[in-house]
Amino acid sequence: MWVNMGPQHPMTHGLWNLRVRIEGEIIKDVEPELGFLHRGIEKISEDRHYNEIITLMDRTCYVAGLAWEHLFILAAEQALHITPPERSEYIRVLASELQRIASHMMWYAAFVQDLGLMSPFLYGMRDRDLVLDLFQSFTGGRLTYEYMRVGGVRNDLPLGFTGQCRRVLDWLIDRFVEYDHLCLASTIFHERCDGLGVLPAPEAVAYGVTGPMLRSAGSHRDLRKDRPYSVYDRLQFDVATATSADVTGRYLVRMEEMRQSVRISRQCLDWLDDHPGPVLAAQLPRWLGAPYAPVGNESYLLKRNYPTGLGFSMIEEPHGEAGAYVVNDGGEHPYRVKFRSPVLINVWAAKRYLPGYRVADIPPIMGSVDVCVGECDR
Amino acid sequence: MVTLFSVSNTLSAALLGALAHILPTPLNGWATSSGVVTGLAALIFGAILLAASMLNTILLIWWERKLLGRFMDRRGAMHVGYAGLLQNFADGLKLFRKDTVRPGQADPLGFWLSPTAYMVTSLLIFGVLPISTGWNGGSLPLTLLLALVIFSFAPLFIFLGAWASNNKYSLIGGMRSAAQMIAYEVPILLAVVAVVIVAGSFDLTTIVQEQRDYWFAVPLFLALIVFLTGMLAEMERIPFDLPEAEAELVEGWNTEYGGMLFAFFMLADYLRALVGSILVVLLFLGGWTLPSYVPSVLTSFPLAGIVWFMVKTYIVFGIFVWIRASLPRIRTDQLLKLGWMRMVPLALLSIVLATLVVKAGCPPVLHCVPPMGG
Amino acid sequence: MAGTAERPPAPPAVAEEKPFLWVARPLATAAKQFVKSLWRPSTVVYPFERLEDPKFRGQVGVASGKPIGVGEIWDNYRGVHALNINTCISCNLCAFSCPDVCIEMVNVPGGDPRHPKKCPQIDYGKCSFCGFCSDACPEGCLTMTTRYELSVHKREEMVYSPARMFEIFKSKLPMNPIRLERPKNEDQILLDPPICIGCNACARDCPTQCITMLDIPKPTPKPGEKMAKRIWKEPVINDSDCVRCGTCIAVCPKDCLFWGTRQ
């Protein structure tokens, strides 16, 4: 019997469809159907200024907007040959790590809701709101931040931010213990999650699965260590791993990642306290400056002979490894933009890690994947 | 002594007496005849019971919403009426105004019958539950058995509605409901047997009266645990709400029901939750009685029995809400395993304990006195 | 799998929680939260309590032990715009910078009849609140406020006219205080002198009045050569006043103005 789980279904957390063939309660085959949320972001990007694409990045992954801004900015800066100030790099890393906490908390809330746990859902959402308040204080937005700019970030951190941020991080660290009490310290949680959705590391690599799903299988691949971008090579942190490759393993990895993110954020805050400075590069192509007046005709632009370039960046996004490729042909818009979404691949591997389990196991397993359909369909 | 019967008899007589004044001669004699008075009294009795049970059910929903809110660091309903007391009436009114849609491929008879029968069987139980001394419908020697039998009808109608809905989620939900029933019915009945052994009767009133020396929760703690767990499954509440596991089955067996039919299922669910809490209070927590060391002021006001009974019931339901707020849902196979491999042995052990209690005699831990008016 | 072999597994920072008495710990945690939220749950009772209200903000926040908002910082919010019509110079930069094309320049009273004053009108049905318009505004007259209540009954009400945004400006809401610095290597407006006909269009339409038409010497024509038909004036642009709006480029009938860097 084929059962549609989606596109409007409590399990999907977004607009996608999981077709499941079941015999009794046992899953025999699955078929993810994606593309319900396709907005053509890559194509729209070809018609926008570089900085205007940042507004799209927030909407690409709406739970990890700053991480995707970071991703695009890194590629665009490479393509446009711009070096951002050091302070802005630290602010970006701080923003990305806070975003990782917010995203993982959103995951936690959705995941426990799938298990039928009701209170932790609200605890997770409540504590995520504090991180959103921090975002609001320096970006001005709570969901769509539009904060990073090619060549730096829009504005410096406001006065008193670092102290407030440290207080929130202290609060969060305590909450993580509470989260573990509600999940890991519960026999029912272990009964529901242990040994489910097992995806061993070699197969995960073969499928291209990345992020916490891969690390829960014992792999140590983390782009922040393996291919450091921004200032990650100057920060101290451990790669969170687990060995069980199952739902519990992914839970452990994400929880540990949040703790490591707090650790990284604290180091960034310390650095930012000691090193004031500019946050936006002084030398920028004209259309990247604050006012975006009409540039004139294209032939004039070509006459000006701005340098062309290619940009490619990979970052460890909360869901996995994201990639961006930007082709700059010297115009005011990029010639081509391409993104690599980690969630798309993690979801497609469902064909491997879902069959054999029960219908009741689908919500925890798919919940542990952390599906964000926005970035999946782009 | 004011009892439910005496109240309805008085009302009926007063009503018919007033009616006799305006009726012509042959009819007024008939109206005041004892048969008619008793018949109307029975009707009024039913109406009071219905109103009381529905009112309590809706209050119970409010109670759950408020408690759950505090467990989740939020407030729950708070705007309609004082502290949101009227919110559920507003919700009910909204559902009442909604269209009830039957899917084209659904079987009409089963589709309409199922919510009605589910509701009616849930309401029927109130006919046999004693609320306080004299405040019960019928005093049968087998009240407890009757209540449990009516209680366990529900999965049948759930399955009927699920099958008639012609929906895959509903079907899986109905199947799970049937599977769940055989997992929890046996341990519940075994736990009840332990109580019956100690009390020596299947009559709920007698069981409560037998708890005058000590609440059965003390010697039969094991049976209480088994009974609570089984009741959770019987009520289909988290962690045992697999038939309507909303994460994978949308709404389970009532996916296709909307409007007033959904309200029927919802109300019946809470009716059953109320019955479950009442059964726990009656079987283990001394019903409407209080321990002897409680100052008599607390037990001497009018209708004290009913008040304490309701307080206990709502506290027991609060425990169910607490469990709902902190535990995840378990899986069907795990529930079956829990039912057969953990709860049945525990229930059997509690029967052994019950026989020991009867044989040895439990020291009177908590002396209970029936309050005034009892 | 790069990096797998080189690094030893990281030790877990926090010891893994083990179940204690089956489900005793989650029950205890929920009960703890119950007791904590008995007095005041973390919910903000929105229409009655508002996070932006300084009185309310002072009572809550992480420091107070109640996780309702972090506390102090709020004015940075990007909400509904406020427009100071009096200082608006009709430079069009906000409309140019809008990625969603939701800003339209409409006439407002108070301009000269031949060249009416134009101010932005914003369609909030399209607006994405990115803040690029207020970043682009050279005079700081279009700013974003902390107002976030936007629900309306009709779609047309989503369009905020300049007068309505001026009302918001006058209501003295906290406004986004951040102003961006102009990049150091901005291009300037340059002139291609042989093409210019001295028509005065650029000077007439310049919102900041930074263009002056200066007389240039009228050349004496060589014998047989036809004299160019033009006014013998040329625009001179005051760079420090120029806001780089490009209006002059747009209105120039001969396309003789362009962006560039003066050598």
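In order of appearance the chains are A, B and C, and numbering begins at 1 in each one.
Everything below uses one rule, namely that contacts are C-beta pairs under 8 Å (C-beta built on N, C-alpha and C of every residue); 3 or more make two chains touch, one makes a residue touch a chain.
Being a predicted model, the structure only gives us computed values, none of them experimental.
The fewest steps needed to get from subunit A to subunit B, moving only between touching chains, is 1. Taking A-C and B-C together, the pair of chains sharing more C-beta contacts is A-C. Centroid to centroid, with C-alpha atoms defining each point, subunit A and subunit B lie 48 Å apart.
Separating the CA-averaged centres of subunit A and subunit C is a span of 26 Å. Centre to centre, using the average C-alpha position, subunit B and subunit C are separated by 61 Å. Shared contact sites, meaning residues of subunit C that touch two or more other chains, fall at 23, 26, 29-30, 33, 42. In subunit A, the positions touching at least two other chains are 119, 123, 126, 182, 186, 188.
Within subunit B, contacts with two or more other chains are made by residues 71-74, 325-327. Of all residues in subunit C, those touching subunit A in their complex are 1-4, 7, 9-14, 16-20, 22-23, 25-26, 28-30, 33, 42, 62-63, 67, 69-74, 76-78, 93, 96-97, 99, 128-132, 135-136, 138, 144, 176, 178, 180-187, 243-246, 249-250, 258-260.
Of all residues in subunit B, those touching subunit A in their complex are 68, 71-74, 168-169, 172, 238-239, 241-242, 245-250, 324-334. If you check the complex, the residues on subunit A that touch subunit B are 1, 3, 5, 9-11, 25, 112-119, 121-123, 126, 182, 186, 188-189, 191-192, 358-363.
For subunit A in complex with subunit C, the touching residues are 48-49, 51-52, 54-55, 119, 123, 126-127, 129-130, 133-134, 136-141, 144, 146, 154-155, 158, 160-161, 164, 167-168, 171, 176-178, 180-188, 190, 201, 205, 218-222, 225-227, 238-241, 252, 256, 259-260, 280, 282-284, 286, 288-296, 300, 304. Contacts from subunit B toward subunit C in the complex involve residues 67, 69-75, 78, 322-323, 325-327.
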